[in-house]
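Given below, in the form of structure tokens, are the structures.
You will see chain A twice below: alongside chain B first, and alongside chain C after that.
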Partner chain A sequence: MNLHTLTAHALQELLLNRQVSPADIYRAVRGQIDLVEKKVGAFARLAPAPDFNGLADKPFPIPVALKDNLCISGQETTCASKILTGFRPPYDATVVRRLKEAGALIIGQANMDEFAFGSSTESSCYGPTKNPWDLTRVPGGSSGGAAAAVAAHETIWALGSDTGGSIRQPAAFCGIVGLKPTYGRVSRYGLIAFASSLDQIGPMTKDVTDAARLLKIIAGHDPLDATSVDLPVPDYTQSLRCEVKGMRVGIPREYFIAGLDPEVAEAVTAAIAVLKKQGAQIVDISLPHTPYAVATYYIVATAEASSNLGRYDGVRYGRRVRPPEIRQTPIIDMFEETRDQGFGEEAKRRIMLGTYALSAGYYDAYYLKGLKVRTLIKRDFDQAFQTVDAIVTPTAPTTAFKIGEKTADPLSMYLSDIYTISANLSGIPAISLPCGFSQAGLPIGLQIMAKPFAEETLFRVAFAYEQATGWHKRVCQI
Partner chain B sequence: MITDQDVRYVAALSRIHLREEEVDRLRKNLEDILRYIEKLNQLDVSAVEPTNHVLPLKNVLRPDDARPSLTQEEALSIAVEKSQGAFKVPKVIE
Partner chain C sequence: MIFETVIGLEVHLQLRTNTKIFCGCANQFGESPNTRTCPVCLGLPGSLPVFNAKALEYALKTGLALNCEINPQFKFDRKNYFYPDLTKAYQISQFDQPVCRQGELIIPGDGGAAKKIRINRAHLEEDAGKLIHDDARNCSLADYNRAGTPLLEIVTEPDLRSSQEAYEYLRILKLTLSYLDVSDCDMEKGSLRCDANVSIRAPGDAKLGTKTELKNMNSFKAVKAAIDYEVNRQRAVILGGQRVVQETRLWDENKAMTFSMRSKEEAHDYRYFPEPDLPLVTVPEEVVEEMRQTLPELPQAKMERFTQTYGISVYDAGVLAQDRLTAGFFEQCAALYPEAKKICNWLNGDVLKEMNERKITVAASTLQPEDLVDLIRKIEEGAVSQLKAKDVLKIMLDSGKNCSAIIAEQGWGQVSNDEELLKIAQQALADNPATVAQIREGKLSAIGFLVGQAMQKSGGKANPKKIKELIEKNLQAGADGKPF
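What follows is the complex of A and B.
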């Protein structure tokens, strides 16, 4: 039996029936890593072997990969940045603590774009991760290592983080399921911050059932994150019923525009037809401020990032570099040299763009304006959800692009998040799941969005579609 | 629209020592992105309230009780350089 190719829920059943042990599963996954990791490069680093004692009554003693921006006590965690080299957090992120309590076996820390700045996992200080479906292509980003690890069966499931599409877009590119929960659904304590009003941690899994189960483990109120919301966490597995009859599903016309790859458009149109056949009512809707989402995002997200990354100054932890000569004063020279050598090109670009948008004389024209347009984008969704239960779109405008294709043109890279960014700006939950393959054999992702805290709606629609089609069962050959 | 001078000024605000060869490329990148962002000027937002974040939460407080926290030793275990129970930094004032 190829245990590493199974889902967490299938493995859980085998564990319950005592047909396999946690160590069997762990060994199978490590065996797969030995076989393919050299080609894929999904991990920033692998974890030390876990302790298999005391797992008997744990619900999920199953291997999990964690994006390298989730703090694990005592384990190096760097956000794939040279500036955090050697940083060993003295505490666990809340999601990590919850996973450990569920018996999770941490298999490794997944590669990512530096500080989650990117859509291709090419800006990592460890070098790029490759797409398991085509090793000459990117896995998407910024959670590209986590997506590739799940697709290549180098883990059973994974956690990523999503600030503008960083879970959903790589999930689409790698043919897996990725969920960005509602802002406030999952504690961000111990998630190394990128843009605090947009960041959210979420599951990256082989199917919708696993996404529901993993969300249940990590969701819920946490006094250590003042933006985590004190609402009960439903049993999401109750939503895994093939019942979309009578549901109103909105199709926003602004998402089907020039720049959308015809093969992606065709697959998404076919997916909408599947939902219609199952009894969903398809409604043409408008989200008129969609064309402004990317511009708004690159003001708001970079402004917040420039502030959040102010803490990396060489004073306390991570890396410290002093220039050989005195330029200003010893401490300012240390700040500036540490940040020049510690940050990669994209990090510098975003810090500087955000600093510019917040600087005296430009604050009103950029940052304040961005916050106001954010209101308009959120209002579009508030209005749409008065008439529909869910909104269905492509996850990304294209399938996975070639490694190096967009690195010289940052703006073209930013535009690959055009369909995912609005959910972060509005705080709503959104899921991506496989809905077909291109002629070249590359996965295509379907995005479903719902009202704040309506993850159950996402699971209902996604599960109905998944069970009707079975795209998630296709396995890549590496 | 953006000069090399502007790039150096923003780099200084960002506390990043840019090497000369980085200035030109960053100027071009920032110019491209800011030109794209200008499309927001098509919208009249004079009557729109800003959204700082999406949750209807205000003043989330907890009881002011002492709770377990990291010891000084644990906190300093990650220090780049330490001295006498504190993080040590290069000279601040000459």
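What follows is the complex of A and C.
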């Protein structure tokens, strides 16, 4: 039995029936890693072997990969940045603590774009991760390592983080399921911040059922995160019913525009037809401020990032570079040298963009205007959800692109998140799941969005679609 | 040429909450470096702030005591700058929605009359860590125990017109705050820090002159001295035909001078923006009202009530109100004994003197209201002399014993026995024939001298009133056998 190819819920049944042990599963996954990791490069680093004792009563003693921006007590965590080299958090992120309590076997820390800045996992200080479906292509990003690890069966499931599409876009590129929960649904405590008002941690899994189960483990109020919401966490498995009859599904016309790959458009259109066939009512809707989403995002997100990354100054942890000569004062020179050598190109670009947007004299024109447009985008969704239960769109405008194809052109890279950014700006939950393959054999993702805290709606629609089509069952050959 | 001085003060107040403003670390001084820290106040990657409700309570109390409006809803903002004592490279502060705004504090103005100093705002923020420069090893050491201590920054309008007014403002502010018990208010320990914005202008000029901001004063006196120095400096600059430069200047206590730290051009662009990690804070009207109800009687109100209720002078009431607990002690005594004036004389006189010598407060001493009232009663009953009573008080404070026991032990019971007193009086006359002669020649004021001699003889225990009576009587009777 190829245990590593199974879903967590399938493995859970085998565990319950005592047909396999957690160690069996762990060994199978490690075996697959030995086989393919050299080609894929999904991990920033592998975790030390876990303790298999005391797992008997744990619900999910199953291998999990964690994006390298989730703090694990005592384990180096770097956000794939040289500047955090050697940083070992003295504490567990809340999601990590919850996973450990559920018995999770941490298999490794997944590669990512440096500080989650990117859509291709090429900006990692560890080098790019490759797409398991085509090793010459990117896995998407920034949670590209986690997506590739799930797709290549180097883990059973994974946690990523999503600030503008960083879970959903790589999920789409790698043919897996990725969920960005409602802002406030999952504690951000221990997630190394990119843009605090947009970041959410979410599941990256082989199917919708696993996404529902993993969300249940990590979701819920956390007194350590003032932005986490104190609402009960439903039993999401109750939503895994093939019932979309009568549901109103909105199709925003602003999402089907120039730049959308015809193969993606075709797959998404076919997916909509599947939902219609199952009894969903398809409604044409408008989200008029969609064209401003990318610009708004790159102001708000970079502004917050410029502030969040200020703390990497070489004083307390991570990398410190001694200036070769004193130009201003020893401390300022040390800050500058450390940051110059510690941050990669994209990180520097975003810090500069964000610093500019917040600067005296530009604040009103950029950051404040960005906040206002953000409100308008949110209002678009509020209005849409008065008439529809869910909104269905492509996850990304294209399938996975070639490694190096967009690194020289940041703007074209930024457009890769054009369909995913709005959910972060408005705080709503969104899921991506496989809805077909291009002629080149590359996965295509379908995005479903719902109103705040309506993850159950996402699971219901996604599960119905998944069960009717079975794209998730296709396995890549490496 | 005459100039008018214009001063605005910014006071940073450390709030005495049990834990820090955004994490659960103990808010304590004097611990080993970096032992009162956690991922949050160290700003470790991934950590998040959670607002301490107690800090809000203290801010509201202070705001209400300063007659501020309370913002029904406020946010926190990030103030971004790089410095090794700032763990996140931003300070969580408040930019445009402070918790309190538009208040006032009444101080004794330069003319002697009460003067209203307007408070522009009071906002919450976190303190930074501390750097210790080790010259011997040519390095700097960082201690983050202080990082995350709650601060309330109280900013006045430019309403102060002299260094003395600035001093009075600080004094009254500290007094008011001491009643609220929200802060140690100790400038030497840094729990109260004050920056001064100083400018001068021609009297009657509506426009403010160019200001300089003074930092690094570590006592109220230093604030006063720094302002005086700065006013003179600015005056010299203007009289020398030059312009005052807008800048931040550091007070050097040893040299008693201010020195330029940075100019306006070098000033930071703090890139303030709303703190995304903290939700808006709403302060319901009921909470504000509840807080208003729990406010203690403030110094000004207490002084007024004391003069009216107890018939003591404004001065005496003012001295009593300097310390909330002493004022409370006074009221407890007054409930036991009707002559408030006598209590007040003791408290503001000998008791205060003894306390100052011992460097404690009435509340911290062993002295109970009953003890002081007992002592006053003993004097009134003639059981101890006014003079000896002062010594009784000293022993009471040192030993904690009650006054009856002390009087008995020391044998200080006042002599009121007529026979004994008569002997003493006669002895005084016999010992001082020259004085007696003077008195008989009409210099009646010399009787006092005889009384004093008699008191001395008695070791201070004689009842002075009775002694005086007896001396007068004996002078008339001619105790030495001669007619008066």
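Worth a mention:
Criterion: the second predicted complex is superposed on the first by the 478 of 478 C-alpha atoms of A that agree within 3 Å, B and C clash if a C-alpha of one lies under 4 Å from a C-alpha of the other, contacts with A are read in each partner's own complex, and residues count from 1 in each chain.
Quick note on the criterion: a residue touches a chain if its C-beta (ideal position, glycine included) is under 8 Å from a C-beta of that chain, and two chains touch if they have at least 3 such contacts.
Treat the numbers as computed from the prediction; the structure is a model and nothing was measured.
With both structures placed on the common chain, the touch criterion links A:Leu376 to chain B but leaves chain C unconnected. Contacts of A:Leu14 after superposition on the shared chain: neither chain B nor chain C is touched.
Legend: residue contacts after superposition of the two complexes on their common chain; A:Phe335 is shown touching both chain B and chain C. Legend: residue contacts after superposition of the two complexes on their common chain; A:Phe343 is shown touching chain B, with no touch to chain C. Partner contacting the larger number of chain A residues, of chain B and chain C: B. By the touch criterion defined above, A:Thr296 reaches chain B but does not reach chain C.
In the superposed model, A:Ala47 makes contact with neither chain B nor chain C. Of the two partner chains placed around the shared chain by superposition, chain B and chain C are both touched by A:Val315.
When the two structures are aligned on the shared chain, A:Ile282 is found in touch with neither chain B nor chain C.
In the superposed pair of complexes, A:Ala93 makes contact with chain C only, with no contact to chain B. Looking at chain A, you'll find residues 87, 89-91, 196-197, 223, 226-227, 306, 310, 313, 315-317, 331-332, 335, 355, 359 touch chain B in one structure and chain C in the other.
Those residues of chain C that touch chain A in the complex are listed here as 39, 42-51, 78, 80, 82, 84, 87-90, 140, 142, 269, 271-273, 276-279. Within the complex formed with chain A, the chain B residues making contact are 6-7, 10-11, 13-19, 22, 26, 29-30, 32-34, 36-37, 39-40, 43, 45, 48-55, 57, 60, 62, 70, 74-75, 77-81, 87, 89-94.
Looking at the complex, you find that chain A touches chain C at residues 69-71, 77, 79, 84, 87, 89-91, 93, 188-193, 195-197, 223-227, 303-304, 306-307, 310-311, 313, 315-317, 331-332, 335, 355, 358-360, 363, 367.
By the touch criterion given at the top, residues 87-91, 183-184, 196-197, 223, 226-227, 229, 289, 291-292, 294-296, 298-299, 306, 310, 313-320, 322-323, 327, 329-337, 339-340, 343, 345, 348-349, 351-353, 355-356, 359, 366, 368-376, 378, 409-411, 414, 426-427, 452 of chain A touch chain B in their complex.
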